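After this come two complexes, each holding chain A, first together with chain B and then together with chain C.
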Partner chain A sequence: MKQKLINLILRRPELLTVVIIVLYYLCIGIVNPQFIAMDTFVRILYNGTMLILVTAGVSAVIITKNIDASIGSLLGLAATFGGSYLNTADPSLLIFIMITVGTGLLGGLFNGIGVAYCGVPSIIMTLGTLALFRGLLALYTGGSWIDTVPEWFLNFSRIPVLGLYYPTWITLILLGVLILFFGRFRWGRYIYATGNSLDGSLLQGIPVKRTVLLAFSLSGVMTGIAALIFTSQIGTIPTQAGVGMEIKAIAAAVIGGISLMGGTGSIVGAALGAVLLETISYSLVFFRVPGYWNSFISGFLLLVIVVANSRIEIYLRNEKEREIDEKVKRRYLQLAEKTL
Partner chain B sequence: MDVQNSEIVELRNISKAFGGIPVLKNVTLHLRRGVIHGLVGGNGAGKSTLMKILSGVYNCDKGDMSINGQDVKFKRPSDAHARGIYLVPQEPGLFPYLTIKENVLLGLGSTLKDPVSKIRSIMEALGCDFALDQIGADLTIAKQQQVELIRGLVRECCVIILDEPTSALTSREVEALFEMLRRLKNEKDICFVYITHRLNELFDIVDELTVLQNGAIISQAPINQYTLKKVIQLMVPAGNGNGERANTNAASSGGNEDEGCPKEGSDYILEVNNLSGRGFFNVTLNLRRGEILGVTGVVGSGRTEFAESVAGIRKAFDGTITLEGKKFSPANPQDSIRRGVAYLPEDRHLHGCFLEGTVKENISSSALHRLFKFIIKKKIEVNLAKTYTRALNILTPSHDSPAKYLSGGNQQKMVFGKCLAVQPKILILDEPTRGIDANARKEIYASIQQFARQGVSIILISSDFEEIKNLSHRVFIMFQGRTVNELKKPNITLENITFSSFGYRAGADETETDQPDIEKA
Partner chain C sequence: MGSLKKYLLWPSVLILLILIEFGIFGTFSSRFLNISNLLYSIGDFLYIAIAALPMTLIIASGAIDISIGAIMGLGSILTGLVWVKTGNIQLAFFAGLAGGAVSGFINGSLILMTQVNSLVITLGSSFLFSGLALTLSGLAGSTGFEGIGGFPDSFVNIANGEVLGLPNPVIILLGLIILFYFILHHTKFGRYLFLIGMSPEGARYSGIPTARVVVITYVISGIIAAFAGIMLASYFTSARSDLGADAPLTVITCTVLGGASIYGGTGSIIGTTLASLLIGYLKYGLQMIKITSHQTNVFLGIVLIVSISGRYFWEQISSRHKNKMALKHEELL
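On to the complex of A and B.
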């Protein structure tokens, strides 16, 4: 029974995340029943869109057993390029989207080429671009903020449709597309296989380098789309836009069951992890707790989950080893009897 | 039958060398449909290399290959898959977190119309009892092997290579596998290449046999032209090559070598009694002071696992070790080193030395606890390094040059020095001369003999039977995890070693020693 439960949690870690989210709601609800309301949920999903999108993107990279630490800066850079285009005379929506998402894509491609084709370890590559993109942003703006985003564009994200806001809908649709991609498409499967076993993938003829490049590009594109939403939700783009986003996204992915060892975890789980982090930060606002607790709590949760996970895995491995030992021992006893 | 037995694969004059050492020399092999082709040979005969060339893992240096009469050149394994050749490795390579269905179909592309029903029909035909949505990590080794077979069959492969498929199976699982192979051979006209160390299996399952030795084919015929004895006889090393160098060396130290041989009846420094652990079973052997004890067997016979448990790296779960009259059960390598047991591991680069460290640092690394309490005194460390570079003739520009710039042979001598620096009473050498040049080999042989004369007891583990024969005072042979024979001079001959290492007694006809199935994890 205990074994089965542990196995289920290991197989479907997102279930645990759902349980934690529900428990968290209930706990807060006991203290303040006003928290449990449809409105709360709608707001969390609205505030959380950016985090959900970048978490889904970075998950693709983590599943290939790499990491993308550059998304915070890339988000800022994409928003800055897009935002400064919106400040020109008579901007078109299409070109704005192309610039923002295109910046994300290029950034992701750059990371992917560095990791897959130049053999730079992903942590080094993306820490480098984390600084590089932020520097590029500062050089481009000269340190000033972009704060004249047109009113029509700001209104765009504030129109509710069927009870939810536009950004939430976009996020949900994109999540659906990604779930389909990972579940049904060949290249989605390649991403999992590459993280599972690099040697095995090579033996089966999987184009490993292109797979890694794809994962990084996906992360870049999702970051670009998050930058679109950033621009429309916030309206001003400071030079600090997106700072710390990478830590939150990686934490959310891990909390949602994406293994840092690669090869396992689901997009649904990653999105749920993001929702959990967003719920916590919303509840802090709700209770007027100072904002710096936010960062403390997400870091703390990340460590707790990672440590708990590795403990469970070690426990299971030991159990399995013991089982094999027992089996071998029994076999030996039989043999000893036979030879006597 | 003629059509059925038509040739599919032809390998012509294949040669391959690794680091200048030839592994295959002009090998020509024909494979035909509906035939199970056995491939046997001693350690390092080149079986695996040949099959890796056929399946696109390695490229050959010389020679060519044709399939169904067409010349082909494989650059990578997927090229070989595309031409219908699939290698089932000794350790199945499933993706642990993907389902069986995903495992089978991955990398297949979209050529199949209804892959799932095809897998199902193959599974039904093979009698597999696992589900398509189980994940790879959940299956036993035997079932993982079936998945590998399914992988090959879904790809409509006509040649499937099985590399020691039975080494991790129980006897019932072996029966099931054979049943499966026979059915596939007859119904689907598939050609199997069957590599094994369990020679009695050959007569159950194989139609044709090729015996490799030293990278060349020395015999090839239908199986009914062989007897077990003949097959083993063919695998006895010819007595040239590597061993010749060992031979001349032994000859040069000729007379005093016997002198160094400890007397019968003198006390044992190490006694191992019925030691069992994962990979070895009821190992019983003993070692005298100043003796060179050879321990050999085919690859996978449990030699390294046994040595590691004496060195404290893995735990034994049964049996006793007595060291100098006192019970000895090491919990970790530190324990062993403190009690005077040093272990030179099989893989130099992985476990033996710190490539980035200097020669000096490497040599002193295992002896730090003996020489220093907190602070490393430079003078003592340098002296230690000097002592052993001189004693072992390690060629290095200085003690401070990094180990990675040394040649393989000098690296190995350095690791040897590291083991000696702890002043061991017992030195366990696991494949001490693997992959190093002839000169270094000769020097290492001389050092081994010299240290034995100085009273160090040595357990020499090696796949090279000539090395064992020329250096050892006594030899224990392991087969499938057990010590099956003990040879004393003058019975230490290549023939006796070869027979014992395949689990038979030399001279005895078809009578086998009992062969337990040792499950390896």
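On to the complex of A and C.
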């Protein structure tokens, strides 16, 4: 029984995240029962859509054993390009979506080409584009904000449908598509294989470079979609749009059980990690914690969760190994008895 | 001979780049090529250049430290806070350094304890440290991003004064470069770092105290980052919690541009120093021809990406050339 449980958690690390989320809810609920309500959850899902989307994107990159640190700037850039198109005389929704998501895709492709075909280590490449994209944004806007988003587009994220808001629905649908893609489709499995063992994948004939390129473009597209939601939810696009998003997304992915060593983790876990981070920041707002405590508390909780997560995992792994050792020992003794 | 050539090639490319840079900026702005100007402008990017030195140690050991920016802010705020509360500037200075050491110790021990990638731990701890700095600056009565000022002249002089015609930043930088050159390239500790970077498992099996080495490296990094933050506070005559927030990107750029591999096992203090000068004067020169700091980011990103991919292609071509030569040699036999 215990063995089965250990195996289950080792295979599906996102279960730990679920446990942590439930525990966190209960802890907050004991202090203030009002926190546990359907409305809270709807709010968290609404606030968290952007983070969930970019976390799903960055997870694809992390699973290939690379990292994407440029999403914060890319989100800002895509939102800026899209937003400035919305300010033209007669904007059409389709072209707007194409511009925003297209910017994300191009940014992701740029990262991917640098990493896969030009031999730049991903952390260097994306730190470089983090600066590059932010600089392009500043060059393009000249430092001014975009704050006239049409009313019809703002309403898009303000009117609930079937209890949830449009951005939440879009996020849930996209998550479903991604889960299918990673679990059932050839290129999705390539992403896991590449991260698990680069040399092994090469020998198997997997197009490793194209797989890495695909992962980065996926991250770019998700960032572009997050930029759409940013424009609709926030309504203004400052030059600082999306700053720090990459840090939150990487943290969420890691909390959700995606290993930076590549090859393991699931999109569900990543989304849950994002929900947990969003729950923490929502609870801080809920208790009206002064703003300057915010990053201290979330940093502290983040470290506690990461430490707890890894300690539990190490413990489980040791436990499993011990169990296997014992099994082998027993079998050996049996054999010895028989032969004697 | 071959290895010597390889050892000297990259630094000479960097020197060439610096000369080209001086040439370009010199033609755009006549004020740029002025010895005292060039020396004094080191104060502008002193914090980058000195923080890049311990970063070279860390990257050589195959790890990374994103939290240095936050530690800079924390160090400067601690110094400011202790100065406001006690009025003893020496105590304040050492309080800042101690804060950096403790931060580094937290980083190192968390990485050891959890076996989680250093990138994640230092990302999380950078939230923690910058949040702490912001909270402390709130305690000192300066709300939000307002600074703590009113430092005595002796403190302000550290980064703004000069000795024997040499600006203090130059002397500080030179001293630290020599110290770190010695640590990385001429001590057992430095060899341990390279070994850990090449193969952590191998290092452990050969009896190297990896845990101790990792923690000490992070403590050094924390102390130097806090020192860089204090230098910033002295240079700007006020301590703020967001001082050095832009540092990690630039510092990592300098280190990698200087020839350290992000996968560990290589790195050189000389290369890092040259790269810091290259980047520092690039920023300074762009400022001089009136390009804003945001737009400088574009150049920074391009320089980083182009130089690293350039090196990759250069290595590809040279190894292909070597293979061809080897084949020819075999045919002759």
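Just a few scattered comments:
Going forward, the second predicted complex is superposed on the first by the 283 of 340 C-alpha atoms of A that agree within 3 Å, B and C clash if a C-alpha of one lies under 4 Å from a C-alpha of the other, contacts with A are read in each partner's own complex, and residues count from 1 in each chain.
One rule holds for everything that comes next: a contact is a pair of C-beta atoms (placed from the backbone, for glycine too) under 8 Å apart; a residue touches a chain by one contact, two chains touch by 3 or more.
Note that the structure is predicted; figures quoted are calculated from it, not measured.
Contact with neither chain B nor chain C is seen for A:36 once the two complexes are overlaid on the shared chain.
Contacts of A:124 after superposition: chain C is touched, whereas chain B is not reached.
Legend: residue contacts after superposition of the two complexes on their common chain; A:27 is shown touching neither chain B nor chain C. In the superposed model, A:328 makes contact with chain B only, not with chain C.
After superposition on the shared chain, chain A has more residues touched by C, the comparison being chain B against chain C. Using the contact criterion defined above for the overlaid structures, shared-chain residue A:173 touches neither chain B nor chain C, since it reaches no partner. Once the two complexes are laid over each other on the shared chain, residue contacts for A:296 go to chain C alone; chain B is not touched. Of the two partner chains, chain C is the only one that A:314 touches; chain B does not reach it. Comparing the two complexes, no residue of chain A contacts chain B in one case and chain C in the other.
Chain A meets chain B in the complex at residues 11, 186, 189-190, 192-193, 196-197, 199-206, 263-264, 321, 324-325, 327-329, 331-332, 335-336, 338-339. Residues 64, 110, 113-117, 119-121, 123-132, 134-135, 138, 144, 249, 252-253, 256, 261-263, 292, 294-302, 304-305, 308-309, 312-313, 316 of chain C are the ones that touch chain A when the two sit in their complex.
Residues of chain A touching chain C in their complex: 67, 114, 118-121, 123-125, 127-136, 138-139, 143, 239, 247, 250-251, 254, 260-261, 290, 292-300, 302-303, 306-307, 310-311, 314. Residues 57, 76-78, 81, 93-98, 102, 106-107, 109-110, 135, 170, 276, 278, 281-282, 317-318, 514, 516-519, 521 of chain B touch chain A in their complex.
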